[in-house]
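One structure is given here, and the rest of the page talks about it.
In order of appearance the chains are A, B, C and D, and numbering begins at 1 in each one.
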Amino acid sequence: MRVGVLTGGGDCPGLNAVIRAVVRKGIKDYGYEFVGFRDGWRGPLEGDTMPLDRAAVSGILPRGGTILGSSRTNPIKIEGGVERIKDNLAGLGLDALVAIGGEDTLGVARQLSDADVHVVGVPKTIDNDLNATDYTFGFDTAVNIATEAIDRLHTTAESHHRALIVEVMGRHAGWIALHSGMAAGANVILIPERPFDIDEVVAHVESRFKTRYAPIIVVAEGAHPKAGQMELATGERDAFGHVRLGGIGQRLAEEIESRTGKEARSVVLGHVQRGGTPSAFDRVLATRLGVHAIDAVHDKDFGKMVALQGTDIVRVELSAATDKLKTVPVERYQEAEVFFG
Amino acid sequence: MRVGVLTGGGDCPGLNAVIRAVVRKGIKDYGYEFVGFRDGWRGPLEGDTMPLDRAAVSGILPRGGTILGSSRTNPIKIEGGVERIKDNLAGLGLDALVAIGGEDTLGVARQLSDADVHVVGVPKTIDNDLNATDYTFGFDTAVNIATEAIDRLHTTAESHHRALIVEVMGRHAGWIALHSGMAAGANVILIPERPFDIDEVVAHVESRFKTRYAPIIVVAEGAHPKAGQMELATGERDAFGHVRLGGIGQRLAEEIESRTGKEARSVVLGHVQRGGTPSAFDRVLATRLGVHAIDAVHDKDFGKMVALQGTDIVRVELSAATDKLKTVPVERYQEAEVFFG
Amino acid sequence: MRVGVLTGGGDCPGLNAVIRAVVRKGIKDYGYEFVGFRDGWRGPLEGDTMPLDRAAVSGILPRGGTILGSSRTNPIKIEGGVERIKDNLAGLGLDALVAIGGEDTLGVARQLSDADVHVVGVPKTIDNDLNATDYTFGFDTAVNIATEAIDRLHTTAESHHRALIVEVMGRHAGWIALHSGMAAGANVILIPERPFDIDEVVAHVESRFKTRYAPIIVVAEGAHPKAGQMELATGERDAFGHVRLGGIGQRLAEEIESRTGKEARSVVLGHVQRGGTPSAFDRVLATRLGVHAIDAVHDKDFGKMVALQGTDIVRVELSAATDKLKTVPVERYQEAEVFFG
Amino acid sequence: MRVGVLTGGGDCPGLNAVIRAVVRKGIKDYGYEFVGFRDGWRGPLEGDTMPLDRAAVSGILPRGGTILGSSRTNPIKIEGGVERIKDNLAGLGLDALVAIGGEDTLGVARQLSDADVHVVGVPKTIDNDLNATDYTFGFDTAVNIATEAIDRLHTTAESHHRALIVEVMGRHAGWIALHSGMAAGANVILIPERPFDIDEVVAHVESRFKTRYAPIIVVAEGAHPKAGQMELATGERDAFGHVRLGGIGQRLAEEIESRTGKEARSVVLGHVQRGGTPSAFDRVLATRLGVHAIDAVHDKDFGKMVALQGTDIVRVELSAATDKLKTVPVERYQEAEVFFG
């Protein structure tokens, strides 16, 4: 059996651990051969491959990023894309494909599966907002990095009687903000799922300034105030679609300074959160997902995605990945709220 | 309502996070007062207390250890111990007790509960071998520390063509060995649940020496060879019951040297694994357990233990903690085995 | 003898280690009493003090920030400021003052010394740009933090074929950029001491994009292009004097995107660089400086500053701190330049 | 010009950074070709080489260990060893050799230099005990690792009222013990340069047990009691010359337990101290040494060793490396002593 492997979407600590597990288990237990596709769906679309044997995956377990490269190429949106992929897979003599990626990548995998391509998916998102899996790899690493950064900021906040706003990743879901904020003892946590009341935020900040500890606010990049409350940046974007200036963290710092008369600074952790060596949790999770993905291939259980439920790796329909976003439930936010102020 | 809090057994990163969560939530949402007992069950037994208000728990979230101190005092084994505890609790005007600890501590809690003391338990064991909870806090931190150490040892092993044996915690269960070994890419993982065949271990080591990567073996302190295979240390013990010399890691190093003629060194990580600041995962888990423990007190749902199941914190009977040990199932070990050699 | 202690200017990992060393050595070897002044020069100006005995400094060695608080209050600029300080010191029965701070703080110390106040200075600047000392504490910690962040960004850069620009601290001197850039293998390092040629930078980026490794640029916040080369942000500043938008890192990202047509992202490490636990190097340096500062007080060698030269702590004139800035010499930059591209 | 490179002796974080700097600078600025010798002096002795071009050194900067491998082979002790090396160098068309290593490796380099081989040395020892250089790379990394471990042990010591003894590297010199002990706030530091008085050590431990903080002792592996004071292990050694049982840390723990009646545990950090990614300080130092080593080759300034003096890299005679050991001076130990107890 010959199996192709690709990684799509934003990079995420643990991708290499999945690739290594898929390949080592596939070779050792099933005698498979593997072909690596470069840069996500661009690889099978253009037939761009790289060797993927034991030597290729040696030593990659602790390394962040992906040896296969990644991209956001979407073959569905390309005229004849699906057919070209099927042709390329056939031309390479591939019997199956392991696709590692997030909502978009797995959405494509699902459509290919509907078109009779033998695909098994492995869920990936640093934001932890994929349904049907308790956690995605990369998330724990990101939370650890954010937590360590906030730990560091505490001492600066205390020494200078200054509010610090830490903007973390999370466009649609506040998981990283919730976990890193709880872990690092933030005084306020703001998440996209729950528009915030700027008056309440300022009240927390004011009350905190009365103690010897200065306030730390953790805010997800996608958080926003209640309608009409605070003028947000117009969202000037560059050619690649990134907001250039005036993200929510910076806006909050300005607002707090102007309302309280105390200094406030924002820190945007940015890409540091998604790079580097994965945490032990993410390495174990990624390795287990890889092992189970190739088992699914071996069982010819295609059209499925492997997922974590409790401490078990299970198989669910690929559609479960794209059904709906997993957002922070209200009870989880309330658990954190008791520590505010 | 007045509530006592104690921590028993070996220390574990996250204990302070639980204490802080219990106290902050109890004060803020329920208006409770708290009393800290010193050094596990010795505290209520001798009426040794310390103040436990908001100031006492300020800043302790990221700190390892326990501000309450700990001990292995067991009041059940002391004549009249249970009665003395009941008297002391009554004398202090306490309505309930939150007991944070492992099998022993929660076993005492259960017996006190049977004797009509209002107790809620919070499970704690660095070894992750408590039943009824998916994970215990402290475990993730220990696995991260062990993984980082093994990552470091890889470079030494490779540069010197030398086998390295890393002995990690785990007397009865191999969870730390399994997770850190998987996370760090060990070539062999040996756990108490599965007596090892020394010939197989040596064969893995030999095959590894043929590559440019030297072998790394992770061994739980409680692992042992198949019956009759390898003479183990006689287990000379000091006055405190600790094996002084010739732990399993060292014995393996000797055996591998004598059988392969190649250098082998053992490293015993020891207490470094259970100290210091908790990982983000453990801080979140510990905080959530604390929040839910005080909720159980508020609900007068005594005789219960809070536990992690999937991503939820649930309540189970205190007896669930002591029913049986949670050991590594054979399927989990097999997932790792594919990476051996 | 009674001695006052204060910390001024921006916070810096190692301040608490200095305070602890001054106090412990002073009490143990000389039997001194200590008084802590709050928030830099504001403390002696307003007579705002806190107890500073052995208990106060217990456990602070590994903690970032300063238990004394800090500020940028400058008594020289306040009418009658020097007299008020002298009066307050006399009123508190203080015989000497240990002032820990950067150029500004030590400049005040020097003027007080000229006005017959018994002062010993301890140099502090995260930027490492104080003359007369080989290194200042805090710098090594900042370099480690920046290096770890750049290590992490490497994997993202490689997986996405994207240029990453990391803006680090350093308004007037490029030490943090030079050291973290060398340590993390940056492809270009830009420092304030040397206006850069944007064409050369883009050429390095282009050549790097031809390999499988994407370019990483480390830029000090004070770096700038050659005259007329690149339009810089107008430097919109907030009420506290901080540039709000369009720092050099972001501007470079925009310029590189528009010139190369490839994605470029900037990360501003900001205050994370100056918070949290000090590195071992900084703890040792800070402790040694504290020990030697109180020795200077004991020797009545006032008007001096302690400094690191080679592996020795020496005493130099306070004026040496403010004489001139220690910038990166051209030879040091050339050592790094060989790795560019 | 063709240049050989080798690494000898124990591995040390920063070796790869030196190799990379030598090769990149040599190729880029001087157009040299390089040949890597495997496993220290075994390489040139047996003519065992590996390619050493830009690709070979790509990505190795942050990696511990040495891509060239290492050994303790000593050609001086081998009949005709020097001649064989000269023949092999000539046969490979090599004009010069860069030898990276400690006292032994550089001692061989010196003898080869006396025999007209063109050698430049780069000093390396994790123990920091090489004369003529302020610091050796690897030392700072080891101190950071030991410090982090001791930080972690503090919380265990405090929670359990238990003495902890941490044995760190340092056979002949106590630099790692001194720096990590100072950095982590140890209560006693024991070094080989100064035989300790066990009664004093026990007195410090006793006094510390009276506070709520338990004692931490850092002991260099080569430290020993005053003559006749404490029976040391007989030093049972294995075939490779390593003491198997009863190192100084363990002996101290036993002695303290039996004298104080309190629990004491020892932790031997072992090889973890010398593995893994180098600290930023060591990466910068190693890179600078490599750059200057190849400059010395270019200047035909053979028989020299590059060294750090203050912030400068200078050239000294190779003999300076082997003249005498750099041990901890009494004044440095006294600086630490004020924190004991």
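By definition in this document, a contact is a pair of C-beta atoms (placed from the backbone, for glycine too) under 8 Å apart; a residue touches a chain by one contact, two chains touch by 3 or more.
Molecules present, by chain and UniProt name: A, B, C, D = Pyrophosphate--fructose 6-phosphate 1-phosphotransferase.
These numbers were taken from a predicted model, which means no experiment stands behind them.
List every chain that touches both chain A and chain C.
none
Averaging each chain's C-alpha atoms to get its centre, pick out the one most distant from chain B.
Computed centres place C farthest from chain B.
Taking each chain's centre as the mean position of its Cα atoms, how many Å separate chain C from chain D?
30
Taking the mean of the CA coordinates per chain, how far is chain A from chain D in Å?
40
Hunt down the residues of chain B that sit against at least two other chains at once, touch-wise.
151 - these are the residues of chain B that touch more than one other chain.
Touching pairs of chains, all of them, please.
Here the touching pairs of chains are A-B, A-C, B-D, C-D.
Which chain A residues qualify as touching chain C in the complex?
Within the complex, chain A contacts chain C at residues 10-11, 13, 15, 63-66, 69-71, 145, 148-149, 151-156, 158-161, 164, 238-240, 242, 244-246, 250, 254, 257-258, 263, 265, 267-272, 274-276.
Under the definition above, what is the set of chain A residues touching chain B in their complex?
Checking each residue of chain A against chain B gives 21, 24-25, 28-29, 58-59, 61-62, 134-135, 140, 143-144, 146-147, 151, 179-180, 182-185, 213, 277, 279-281, 283-284, 287-288, 291, 309-311, 335, 338-339.
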